[in-house]
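Here's the structure we're looking at; comments come further down.
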Amino acid sequence: MSARRPLPRWADILLLPAINLAMAFLISGLVVLMIGENPLYAVQVILYGAFGYGDGVGYTLYYATNFIFTGLAFAIAAHAGLFNIGGNGQAYVAGLGAILVALALDQTHWLITMPLAMIAAGVFGGIWGLIPGYLQAKRGSHVVITTIMFNFIAAALMVYMLNRVLKAPNTMAPESETLDIGGRVPQLREFIPFFGYSPVNLTIVVAIAFLVGAYILIWRTKLGYQLRTLGHNPVASRYAGMSNSKLIMIAMTLSGACAGMVAINEVLGVQNRLVLDFVADAGFVGIAVALIGRNHPIGIGLAAVLFGALYQGGQELQFVIPAVTREMIEVIQALIILFTGAMEGLFRPALERGFVLMSVEQKAEATARATVDSES
Amino acid sequence: MDIDLILSMANATLRLATPLLLAALAGLYSERSGIFDIGLEGKMLASAFAAATVAAVTGNVWLGLLVGVIVSILTTMLQGFASITLKGNQMIAGVAVTMLAAGMTTFLGQTWFSQGGRTPQLRGDSRLQQIDLPFADQLAGVPILGPIYSEVLSGHYILVYVAFLAVPLTAYVLYRTRFGLRLRAVGENPKAVDTAGISVTMQRYQAIFITGILAGLSGAYFSIAQGAGFGNEMTAGKGYVALAALIFSKWRPVPVMFTCLLFGFLDALQIRMQNVDLPIVGQVPVQAVQALPYILTVVLLAGFIGKAVGPRAGGVPYVKER
Amino acid sequence: DPAIIYDLGGKFDKSFNEAAYNGAQAWAEETGGNYLDFELQNDAQREQALRRFAGQGANPIVMAGFSWTAALEAVAPEFPDTNFVVIDTVVDQPNVQSILFDEHTGSFLVGALAAMKSETGTVAFIGGMDVPLIHKFYCGYAQGANHVDEDINVIENYTGTTPAAWNDPVTAGELTQAAIDSGADVIFAAAGGSGLGVLQTADDEGVYSIGVDSNQNYLHPGSVLTSMVKRVDTAVQDSFNNSGDDETFEPGLTILGLAEDGVGYAVDENNESEISDEQMSELESLEQQIIDGEIEVHDYTTDSSCPA
Amino acid sequence: MSADNEKQQRPDSAAARPGARSEWAIELEKINKSFGAVHANKDIDLKVRRGTIHGIVGENGAGKSTLMSILYGFYTADSGTIRVNGEPHAITDSRHALALGIGMVHQHFMLVDNMTVLDNVILGAEDSPFLNKTLSRARQQLIKLGEEYSLEVDPDALIENISVGQQQRVEILKALFRGADILILDEPTGVLTPAEADHLFRVLETLRAEGKTVILITHKLREIMAITDEVSVMRQGEMVETLQTKDTNPEQIAELMVGRRVLLQVEKQPATPGGVVLEVENLSVRDRLGVDRVKDVSFSVRAGEIVGIAGVAGNGQSELLEAISGISDPHSGSVRINGQTLDMRGDDGAARARRAGLAHVPEDRHRMGLVVTFEEWENSILGYETYPNYGKGAILDSAAAQAEAQKRIEMFDIRPANIKLKTANFSGGNQQKIVLAREMDRDLEVLVVGQPTRGVDIGAIEFIHKQIIKMRDAGKAVLLVSVELDEIRSLSDRILVMFDGKLVGEADPQTASERDLGMMMAGVEQAEAAE
C-alpha cells in the first residue's frame, strides 16, 4: 500500500527543516575537510561565534535586522504575485533619504531624527520600488527586468552622489560627512552591556515591529486580503473589483519602503555616515531569507537570524581557523539555502512513509490491546 | 561619426552580445520547458572557472571548453534535481546554485592556484584565438560590404559564431522538431503533455541539459576567449542581464538575438561615451553614461515591448496529486 | 605578533591589498616570524576585527585602505598601548601612524613616459571606479602626459559603479579595446583586478599598457611598458619591523613619495628593452625636478579638481 | 495471440481487430485511490461491454473522473486490477493506455492554448524527430477523420481562438488520430449547445457502429437515456449499481445518485414583474485585438423577472456579462441600475457595479469566481471584503466573515461543511454553491448569473434552480446567461437570443419551441431578415 499521509504539522515545520539543516552542515563539513580542518570543530566555532558571547549575539542580531527588512520586502511583493529582486537598489537609494534627513537634523535628538529618517528612507526606497511597479501595472513591463535594471541604476546614482555631491572634503573615501550624536540611533549596548561592542541597535526593535506589522498587513487587513487575491488569481481580483494596477503599485511601494529600512540600521545605526555599497547584498540574501521562511513573518524572522548567525559565525571561523576563507563561508550559506530551501522535499517521502508505518503499527497495537481487553 | 568608430562599435557590439546571447538562449530552453532559471549566473561562473582551470593546467583550450560545458551541465542538473524531481522552489534553486558557484569557484581556485581564486593567465594554445573568415583580406577592398565583412564579421572568437548560429538552430528546433513541439507544450500545459503519453520530467531534464551546454559556452567565453583566465565573479551580473534579455524578447529565439545585440550595442555605446563632450549637453557625469544602458532598457521595455507573458506553467513544479 | 587587515577588495585584489599581503609575506620570510591577517566581508567588521586583534595583543596592527578612518578613530583610544598603522588615510591619534602615498607624482612620471612612447598622440587611462583616489592617479597621469606633449589627448574611462568594477577584466578589456580603436597606444590601468583585462587586451592588440600598485611588468613582458608602483608592500614590511616597538614607532603622518621610493616606475628585465636611454634619462630628470620642487604636480584630492 | 505480444502491437492494429476475444472491453476490479485524506475510489468494480456506449453518473466528487484517469494511466491506483480486452494490464502511464487503444477526452481539456490544432493533435504521436513529414501526414489524416465523423476543424487555428465546441472536436480527433478503440469522454456536453451535443452523439453512435467502445460521464440524465446502453451509478467514491439503460428511468438513476428523490423539472409560479431595474443601452464591447464582441446591445430587466439570454457559446455572452458587471470597459454604451449609470472606467469597475447592487455569478468559477487556494471562508467575502460588515476600518474582521461563511455553508448545504477547508478541495458543485451563496446572500438589486449549473450534478442543479427562482420571487431582477437551452426555457420569464454579438430576437418560454430558438441561435432569423 503506497498510500502516503501528509506530515503532521510539527514535523513539517520543525523536524524537516532540522534534518535539512543538518544535511547542509554535513556537506559543508566535507568542504572544511578539504582544507584539512575538523568539521565538527568548525560547526562548534560557528555556533559559539554566533551565540556564544555578547558581541557575537549582537552581531548576529545586527545582521538579522537587515535580513528581516529585505526578507519582508521580498515577501510582501511575493504575496501580491510580484518577484521583486530590487531589494538591493531600493535599500541603497533609501540610504540617500536617510542621510539627507540625518545630516540636517543631527544637531537635534535621535527621537526626532530617527522617525523622520525612517520616513525619508521609506519614501526613497518606496519610490525606487514604485517605478517598476507602475511600469508593471500600466505598461506591463516585467518587474524582474525593471528591478534588475534599477539595481544597476541605483549603484550608478549612489557612486555619483558620494563622489560629487555628498562627499566629505577631508577624506579620500567616497563617503558622506559623519553624523553627529543627534543623528545616530542608540546602540543596544548603551542599555544592555551584554552586547559588548556589537553594532546591534534600536533598529532591531523596528524590525520586530515590522514583522508583526507585516503579519497584520498580509493576514489581518483588507488590503492584505486584496494583495493576496491578486497574487493568487489576478483574474479573480479583477472580477472582485480590486484595481490590479493600483494593488501592483501599492505592493511594490511597500516592498521598497520595507527594504529601505536597511538604511536606518546601516547609516544611522552603524556607519553613522553614507558609504559606498553599504547594502552589501542584503537585498539578495533577503530573497533567500523570504523563500526559506516561506514568506511568513515568523519564518522570515527565524531565517534572518539563521543567516545573521552564519555571517557572524563565519567571521568567527575566519579568526579561529585562519585557513577558512570568506568564500568557504559563502559556500556553506549556499548549501544551507539549497537544502533548507530548494531541496526541502528531499526527505519528505521517507518521513511520510515513516509516519504511516508508525501510525499503522500503533493502530495494530491498539486493536490488539482492545481485543485482549474484550476477552478478559 | 566616422567610419572607424562605426566599425569599432559594431565589433564591440558583437563581442559584448555573445555571452548574453548564449546565456539567454540557455535560459530560453529552460524557461520554455517551465523551469524558471535565475541560476544562469551560477552556471556561467562554474563553467568559466572550470574552463580556465583545465586550459591553464593542460594547456589545451578545447579540453578546457569541454570541461567547462560539462561542469555547467552538472550544475544545471543539480538545480534541475531540486526543482524537477524534488519539486522544490525554482527560484531558491537558482539563487542557491549561483551562490554555490560564486563561493566554490573562488574557494577551489584559491586552494589550487593560491592567486585569490584567479587562475593563471592563459597564453597561446591555452586560450581561444580569433579566427578570420575566408577571403577576409581579399574582400576587404570591396566598398561598404568589404570592411563590414573583413572588419566586423571576421576575426572573432569561434564562440561568437557558435552563438549566432545557435539562433536559427534554436528557432528550427523549437518550431520544426518533435523535441521543440513537446518543449513548448510542456512549458504551457504539462498536463496536456502528460496525458499525451510523454514524461514531463524527462522532457524537462532534456531541456535543461541544453541549457547547461549553452550556459557553459557562455561562461567559458568570459575566461578563455574574451578574457584570459578566471577571476572571481568575473561574469559580473551578465547572467541576470541575459535573463532580462530573455523576458524582453518574450522567450522567442530571434528576438532574443536582437535584444542581446541591442544590449551589447548600448554597452559599447556607454563605453565610448564616457567623458566625451556630447552635442548640446556637453560633458555628462561618467556615472550617468554608465547607467545609460539600464535606463534605455527600461524605457524601451515600457515604451515598445509592453506586457511579457511567460510560459504559462513556468515556475510551478508539476504535481499531479494535490 | 603584528597583524594586517585587508580591505573589502580582499587579499588578492591584484592591487594594494595584494601589495600589503606581499609585504607581510616578505616580512615573514625575512624574519621567520608569523603574523595575523583578516579579510573583511563588510564595513561592520572593521571595528570588530580591530578590537579582536588588539584584544589578542597583536602589535602593530596595520590596515590598508581609505575607508578605515571612522573605525580606527573609534578603536585606537581604547587600546593606547597598541600601535596602529593605516595606509591611504589620516587618523589623528597618538598611537596611530598614517601613511599616504604621492600617487600623483608617480602617475605623473608614467604619464610622461606614456606620452614619450605614444606615436598616435593619444593615451588612455582606465580606472576601476570614479572615486577620489583613482582620480588622483588619473590627474597625475594626465599632467605628466601634458608636460611632455601639451596637445596630447588623454582618454579617461572607468570600469563600473558596483563592487564588481574592481573584478571585471572583461569590461576593462572592452574599454581598452575602445580606447585603442580611438587611437590610444599606451593605456594606464588603475583598476585592481580589472586591470588584468587592460594589460591582456593591450598585449593582444600590440600596444603598450602600464600596470599599477605592484610591479606588473612580468605579466606581459614587452607589452607592459612599466608599472606605477606604490610600495605598500615595503610600507607594511617596515611597519611590521619597526612599529611594534615604541622606540621605532613613528606616530603621525608619513608621506611616501618619489624621494622615499614610496612611489615610482618599475624598470626590470621585462621592460628595459622598451625604454630607450634618452627616455630613461628624461624620466630621471623629471623625477629629480619633482623631488626638488621645480615641477609642481597637482594632487586632485586636495581640491577635487584637475588642471590637466 | 499472447498478452505481451499484444502489448507490443501499435494501437492502430489493436483497433483493426473489432470483436476480438473477450466480450468485455474493460474490466475493473477492487480499484482504490486516495488523495491524501480523500478516499476518491473505494473498491470499485466496473465492466464495460465491447461495442457499447456505457454511461457513468454520480454527484460531484463521486470519483468518476478519478476512476477514468486511473484507467487512462494518468493516476495509478493504490490497489486493484485492470483488464483490457480480457488481458490484465498494470497501466503505468498514458502512453501505455494509448498503446492499448484507450483514448480519453478530459473534463478540463488537455490542450495547449497557444499552439495550433494540428500541433495539439500530433503532440506525443509524432512519428519522426522532424515535424514536416508528420505534419503533412497528420493534416491529411485529420481532414479524412474530419469528413468521416463530420468533425471538421481548421488544422491551423490556434486553440485559444476556437470555440469550446471546436476544442472538444480536437480532443476527440486526438483520440481517434491515435487509433483509440475505447473512448472515454468526461462530461463532454457540459460546454456544448444542444445542437453541438446532438452532433456529438451522432458521432458516438457511428463509433459504436464501428465496434468501438465508448464510456460517457455526464450529469445530464437526458443524455444517458438518449444514447447509452448501460449506465453505472457512483456515490461518494463507491460504485452503487450498473443498470441496463432501457430498463431504468431518470428518476431511479437520480435517486441512486443522490440517495433521495430529486425533482427533475423546475416548478415556479408565473412572474409578477415590477419596475425596470437593469437597463443596458447600446452596449458595445471591443476586445484587446480590436474585434467587436458585443454589438450595440440594448435591453432591460424588471424587478421580479428572470430574463434568459440564450445563444451558442462564443457569441458575445461572456463579454456582455463582463461589461455589465464592470469587469471590462465597454467600448461604448451604458449600463444603468435603478436609473443610476455605472462608471466603468479604470480596472476596478466591478467594485462600483457591486456597490450599485449588482451581484455577479461568473461563468467560470475556477478562473474568475474563486481563489481556489484560499480557505472557503475567504472566498465567501471575495468582492465584498471592503464592506463594513467585515470590519469598519482597514482591519479585516475575520471572525465576522467566518461566522457568516458558517451560516451560509448550512443555508446552502455546502459539503464538506468546513469553512477552513481549501476551496480547491471542494467538488465542482459545491464550489459553485460557494459562489452562489456569496453573491445571493445579501441585499442586492440585480443578480447576473452565467452558466449556473455547468459541470454541476443534478442534486445541486435542483438546489441552484430553486435559489434563482427564490431570488426572482423576492423581487430581484435576474439576468441568466446559459448555453443550456432547457435551463433557459425552464427558468426564464423572457428569453433573448444572442448571435454574433447582437441580440437577434426575443421569445416567450411558454410558446417558443426548441426548434425556433435553435434557428435564432444559429442566426437564421437574421439571414431571412437580410433577404
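Going in written order, the chains are labelled A, B, C and D, and every chain counts its residues from 1.
The rule we apply is simple: a contact is a pair of C-beta atoms (placed from the backbone, for glycine too) under 8 Å apart; a residue touches a chain by one contact, two chains touch by 3 or more.
Everything numeric here is computed off the predicted structure, so don't read it as measured data.
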Tell me which of A-B and A-D has more C-beta pairs in contact.
A-B
Rounded to the nearest Å, the gap separating the Cα centres of subunit A and subunit B is 29
Whole-Å distance, subunit A centre to subunit D centre, using C-alpha means?
45
Distance between the CA centroids of subunit A and subunit C (whole Å) is 37
Quick check on subunit B: which residues sit in contact with 2+ other chains?
110, 117, 237, 287, 290-291
Can you tell me which residues of subunit A touch two or more of the remaining chains?
152, 156, 159, 325, 329
In subunit C, which residues are in touch with two or more of the other chains?
10, 130, 161-162
Return all touching chain pairs.
A-B, A-C, A-D, B-C, B-D
Which residues of subunit A touch subunit D in their complex?
1-6, 216, 220-226, 228-229, 232-233, 235-236, 238-246
Footprint of subunit C on subunit B - complex, ascending
4-5, 8, 11-12, 15-16, 110, 115-118, 121, 222, 226-229, 231-234, 236-237, 267-268, 271-272, 274-275, 286-287, 290-291
Subunit D contact footprint on subunit B (complex, rising order):
176-182, 184-185, 188-189, 191-199, 312, 320-322
Could you list, by residue number, the parts of subunit C that touch subunit B in their complex?
10-14, 18, 130, 155-158, 160-162, 164, 167-171, 173-175, 177-178, 181-182, 193, 196-197, 200, 219
Interfacial residue positions of subunit B with respect to subunit A in the complex
38, 79, 81-83, 86-93, 95-100, 102-104, 106-107, 110-111, 117, 237, 240-241, 243-244, 247-248, 285, 287-288, 290-291, 294-295, 297-298, 301-303, 305-308
